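Common to both upcoming complexes is subunit A, partnered first by subunit B, then by subunit C.
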Partner chain A sequence: MSGTSLQRGLKAWMEEMDAPVASFFSSCVHCGICAEACLFYTETGDPKYTPIHKLEPMRRFWQQEFTLFGKLLKTVGLSKPVTDEELEEWETLVYDSCTLCGRCSMACPVGNDITYMIRKAREGFVASGHVPKGMVGAAGRAIRIGSPMGVKLSALEAQIRHIENDTGLKIPVDVEGADYMALLSSMEIMNFPEYIEALARIFKQAGVSWTLCSEAFEATNSGIQIGSKDIARQLVQRVVDGAEKLGVKYVISPECGHAYFAIRWEGPNLIGREYKFEVVHILELLDQLRAKGRLKVSEKFDERLTFHDPCQIVRKGGVLAETRNLMGMIASNFVEMEDHREHNWCCGGGGGVSSNERADELRIKVFSRKKKQLDAVAPETLVTACANCRLMLEDGLEEYHMELPVTGLTEMIAEKLVEEEK
Partner chain B sequence: MTPTEFLVLTRGPLFDIAVTIFVFGIVLRLFEVLILGRKADLAAARGAEFKPGMATVMRRFVPDREKLQGSPVVTILGYLFHVGFFVCLLLFVPHIELIHSTLGISWPGLPTAMIDAVAVITMLALVGLFINRLNSKLLRFLSTFEDYFLLVVVFLTLFTGYLAFHRIVEPYPTALALHLLSVELMLVIFPFTKLMHTFTAFLGRYYNGAMYGRRGVES
Partner chain C sequence: MSDHNTLGEILRERGVSRRGFLKFCTATASMMALPPTMTMAVAEALEKAPRPSVIWLSFQECTGCTESLTRSHAPTIESLIFDHVSLDYHHTLQAASGDAAEAAREEAMHAHHGKYLLVVDGSIPLGDPGFSTIAGISNLDMLKETAEGAAAIIAVGTCAAFGGLPHAAPNPTGAVSVSDIIKDKPIVNVSGCPPIPSVITGVLAHFLTFGGLPELDQYGRPMVFFGQSIHDRCYRRPFYDKGLFAETFDDEGARKGWCLYRLGCKGPMTYNACATMKWNQGTSWPIESGHGCLGCSEPDFWDAGGFYKALSIPTSDLAGAIGTGLGVGAAVGIAAGAMAHKKKTDAEHEREPLTVEQLEGES
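So, the complex of A and B:
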């Protein structure tokens, strides 16, 4: 590495600029509508949380480097260069108060995909060393140990033994030539092993040939969240190597939102080539099995259920109809929150915010948005499909003294599965 | 300078210079945007790009519940102003005649009484947007000099046109020259300010819709 950290940051931005970013920056008229779409603004009323404002240093850099008029302004001193102090000041806006949820991108009248730009802006913040400690730690563990939470293979093996002993089910590991290779998030291994059990039960019923991979079981990608292509690429490569070694046809992204976005949408661009396998989200696969009649439930849940759409899977990931098809299969009393599907409000902990302890207080504060949404429909159980959302929802509900069980959709399905004894 | 000389100047050389800067400026700015290009996306697409891109271009014309509830002033006055401005610009008979004499194309206009009413509504909407920018804590925070300045410049084009049409400023050549001057000011700053969103917003919406559409989402 050469040059100051600031120069490295600006160089990273230089590489991130493209025609969409230039269009977006050229178009913003400061109408303030994106603020109303962002829970960090609506729940605090602080204008500094306006999504487009979080990009102000990058906008100026673009103007000064990529427009003739901006160059002129800079030359005569009417436009100040971006400074290190400024990036330090903006670090909290870019990391603590943005979950990359994409809601503002759906609202902007001139079509600015602000989240797309925040993701790019983070590349410059990482390169210039302005990153929250918690996220650096998570990314470091992901590279060194293989999991942002420091979960090792031995921990997974212990959970597998537990599940196999408790249920008599077999959890296949490193089976070459299996059709599907399932990925997990550390949170599922440590906090929600029910998910692994659910997979085993469902796949047994549906006759799906699947396996875990001992060298690539972790799906989450801290590199995407922190905004480092280098880290993200290494983590994706691990999965690609594992899948290609086992020769699977499909890789299953777990319920975890960012994991899906990372492996499905950013992955091939990070490693610079198309995959030799297909990536499916677990809900996509379950919905395919449902449509083919290979996934059957014995009865529906009677209680009032609602579904929290994980941003990265639904709004940004495109797994939309599948969530409702599956909810329809298991819920007799399903109720939609007012803003749902691509307009849902974030849990507040996406985009790396959950691993950034500094942001905890703010995250809990803005959870009031979710509380309002939930209060309006008063569900008896909250269903979601992302381990991170689930932890954040549980945390928020506890802080707001709300009694509401949170569960994962895959587990709900597994619970009502028709078990055909052979 | 006599009023007539003033009019000859604003109608002749100044107008030509302004239009030249406007046209070349826009070409330059669009070039600056498009030259950056877009990397090919290697992730297997779930949906198309072109149709969803165009759909988003259209969809963002429609104000939704959240915009009407969250930003009612900006949404309603913004809508009135944009529609009103283009009605005055493109459907006022003398404007159509000017366009016809330079570009050779023409279309039917609206009765002047109607244009007159639209112009008043448009100017009121602009005044409202300006006051709202000053009053709203959010917008005051976001606003730069440019945001206020552009509202004034656009207002002036309508206001001077209104003054000239109603013969409020005498003599008439001076009034018309002032109107032309305000338009020339707008044309000259257009490519180098946020007025460019008139063009780039379509690009931005398209990119947004195309990128989401590829992932199977209507944005």
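So, the complex of A and C:
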């Protein structure tokens, strides 16, 4: 088989069908509660954005192939086979209007993990060639260049030189036997190098032995977003090879949502074995250092701060208490948005939506949900822990003419860090 | 409260937020098994609904049904919806008494002729009209007179729906249900002893939203609430399926929360919404509290052979037949499962990794 085709897409679905999918499809009671949990529905009022509806072609395929009733319906012509045209129509529902944020899965009263199924549905869309151009471009760059944004090692090296010259700090690269290997997202390298500087300052102060890896610095995984385990596996393998070559004990996932999900939760299943290292999220590590007294701040911020919970890190990743412990350390005037922590609303650009230009208009429209949340608490600074959320928030705020600075939690901590000469 | 106020206005006056109201509408829509897109339709209809006139007649009853509806711990939207109706006559709740009370009933009957809802709780004695009278009028006469101008009748509670306790053998008063007497009006039986409050308001909400009555089962009960048996929706059902039963109320099985079938639970023959909606704001329900279902929403539940007497238990022959049936069924199921599994693994074996070049070729 070469190239993508409907047949290949359906075969991919056949492979993706497992016990959870069968039980989810059979236990859906059509209550529609997932619609109210999805910002694409709440902000547009259009029922086609009901999360479970986005899976309709896959559900029908499952019914036709795996249930007696479905086979019967198909035989007598009451249930039509899935066609290329249908997948083309559904492509926008599965990619443009789903950020894999997982809010619908949490709301489902019968416990259906809808996001898990959308992730699986995308395998079929990819294999049948129904994928947004922007995401194909990002995946191509990730495989060939090493970064979805096309960031090369030379660009990282240039940023490292800048930071070293500005601060006098050393940023270790390819140090064998270091305890921690830090990953970065392209956005951090190009848009928010403050993060790299923050890491260097905090780790120096806390006495953490760490390194970057020149062969595996990129944390993001376009394969997970586009929904191709083949591409995702290659990208995870790079990180695993890099970390195992350097012999580190831990790999640190950066302030990037899906990167954490990819390396921490999907990774071992993709490569089919356990890692020889452990994965921690940067906020988990910082909170451990805080608890041990190795991370201290000189004073708290007086301004009114709120925290945008990145879906993949908080709701789906389980890094909950750490975010609030760390905010408590730096904020004297912290205010929670109405739906927070695992109930937070997505920035609108997760799950690959941010690299899919076709979805821009819709993404900005549904940002009205975040706007309402922010308007209600009127913070002076918005803190988050995901570079993609941060870019999407900045973009949305600009479109809605809202003056509100957005920053990353790690940088905020570094700004008030107690730095003693050792 | 003016007669012209709509429900939307009244709820806002009582401090119910739009969000709270919409949540109620979503719950009601899903309770009534309506598609999610109907939520807004329900909300709009309820907001604009004018106050319908309701006459509530109580015959041979214990007032438990009225208590069920009005004695919730906190004022719920259900009770506010109920407040919203223009309850023109209800002899437990109304302030007026004697001639004034009867005058209110007659006035409502004339002013809203053909449009008012008649709610009845309690059964009607046919043995002797003197067994139960109100203001000197027998229950039978009052029911006939009031039903004549009603748009529809809601028989609340098992007494009004099926005769209930007064109807139990030997039925000394000759008690009968509303539908035994009235034949020419739409009647909804909201049975239960007492019925679940939100089922009563659900029927009212349906009437206000669609101007008609919901789909009914063979006993005249709304399908949406009485469509499934307690047994089918019981959280202890897995124990029944595994054959794990409590034999006494203080044995190991009872402590472990096993099935109460052998202790006389009537769940398998009882159709009601207790297992899903529960009681006291969703706190618990009889089986969750450790007692079998009495079957109170079914006709003649009082005469169904003792609350602690188990429903029939299969004889050994039947068990053998079931065993064979299960075996055959399982074999077919396993074969079908193996075929499905083969399809999946075939697909896995035949797969070729997808490359970005292949993707780019297509897009």
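General observations
Just so we're on the same page, the second predicted complex is superposed on the first by the 418 of 422 C-alpha atoms of A that agree within 3 Å, B and C clash if a C-alpha of one lies under 4 Å from a C-alpha of the other, contacts with A are read in each partner's own complex, and residues count from 1 in each chain.
Criterion: a residue touches a chain if its C-beta (ideal position, glycine included) is under 8 Å from a C-beta of that chain, and two chains touch if they have at least 3 such contacts.
Values in this document were obtained by computation on a predicted structure and should not be read as measured data.
When both complexes are superposed on subunit A, subunit B and subunit C occupy overlapping space and clash. In the superposition on chain A, contact of A:68 is made with both subunit B and subunit C. Of the two partner chains, subunit C is the only one touched by A:129; subunit B is not. Touch criterion met: A:111 reaches subunit B, while subunit C stays clear of it. Looking at the shared chain after the overlay, A:4 reaches subunit C, while subunit B stays out of its contact range. Considering which of subunit B and subunit C touches more of subunit A, the answer is B. By the touch criterion defined above, A:33 lies against subunit B and subunit C together after alignment on the C-alpha atoms of chain A. Once the two complexes are overlaid on the shared chain, A:230 sits against subunit C while remaining clear of subunit B.
Of the two partner chains, neither subunit B nor subunit C is touched by A:89. With both structures placed on the common chain, the touch criterion links A:140 to subunit C but leaves subunit B unconnected.
In the superposition on chain A, A:47 contacts both subunit B and subunit C.
Of 3-11, 39-47, 57-65 or 111-119, the segment of subunit B whose C-alpha atoms clash with subunit C in the superposed model is 111-119. Touched by subunit B in one complex and by subunit C in the other are residues 17-18, 30-33, 35-36, 47, 50, 66, 68 of subunit A. Across the interface of their complex, subunit A is touched by residues 28-29, 32-39, 41-44, 46-47, 56-57, 60, 66-67, 70-71, 74-75, 78, 136-139, 141-144, 147, 191-192, 194, 196-197, 200-201, 203-209, 211-212, 215-219 of subunit B. Considering their complex, residues 26, 30, 35-37, 39, 336, 340, 343-344, 346-348, 350-356, 358-363 of subunit C touch subunit A. On the side of subunit A, the complex with subunit B involves touching residues 17-24, 26-33, 35-37, 41-42, 45, 47-48, 50, 52-53, 66-69, 105-113, 116, 264-269, 272-275, 278-279, 315-318, 320, 339, 342-343.
If you check the complex, the residues on subunit A that touch subunit C are 1-4, 11-12, 14-15, 17-18, 30-33, 35-36, 47, 50, 65-66, 68, 126-127, 129, 131, 133, 136, 139-140, 143-144, 226, 228, 230-231.
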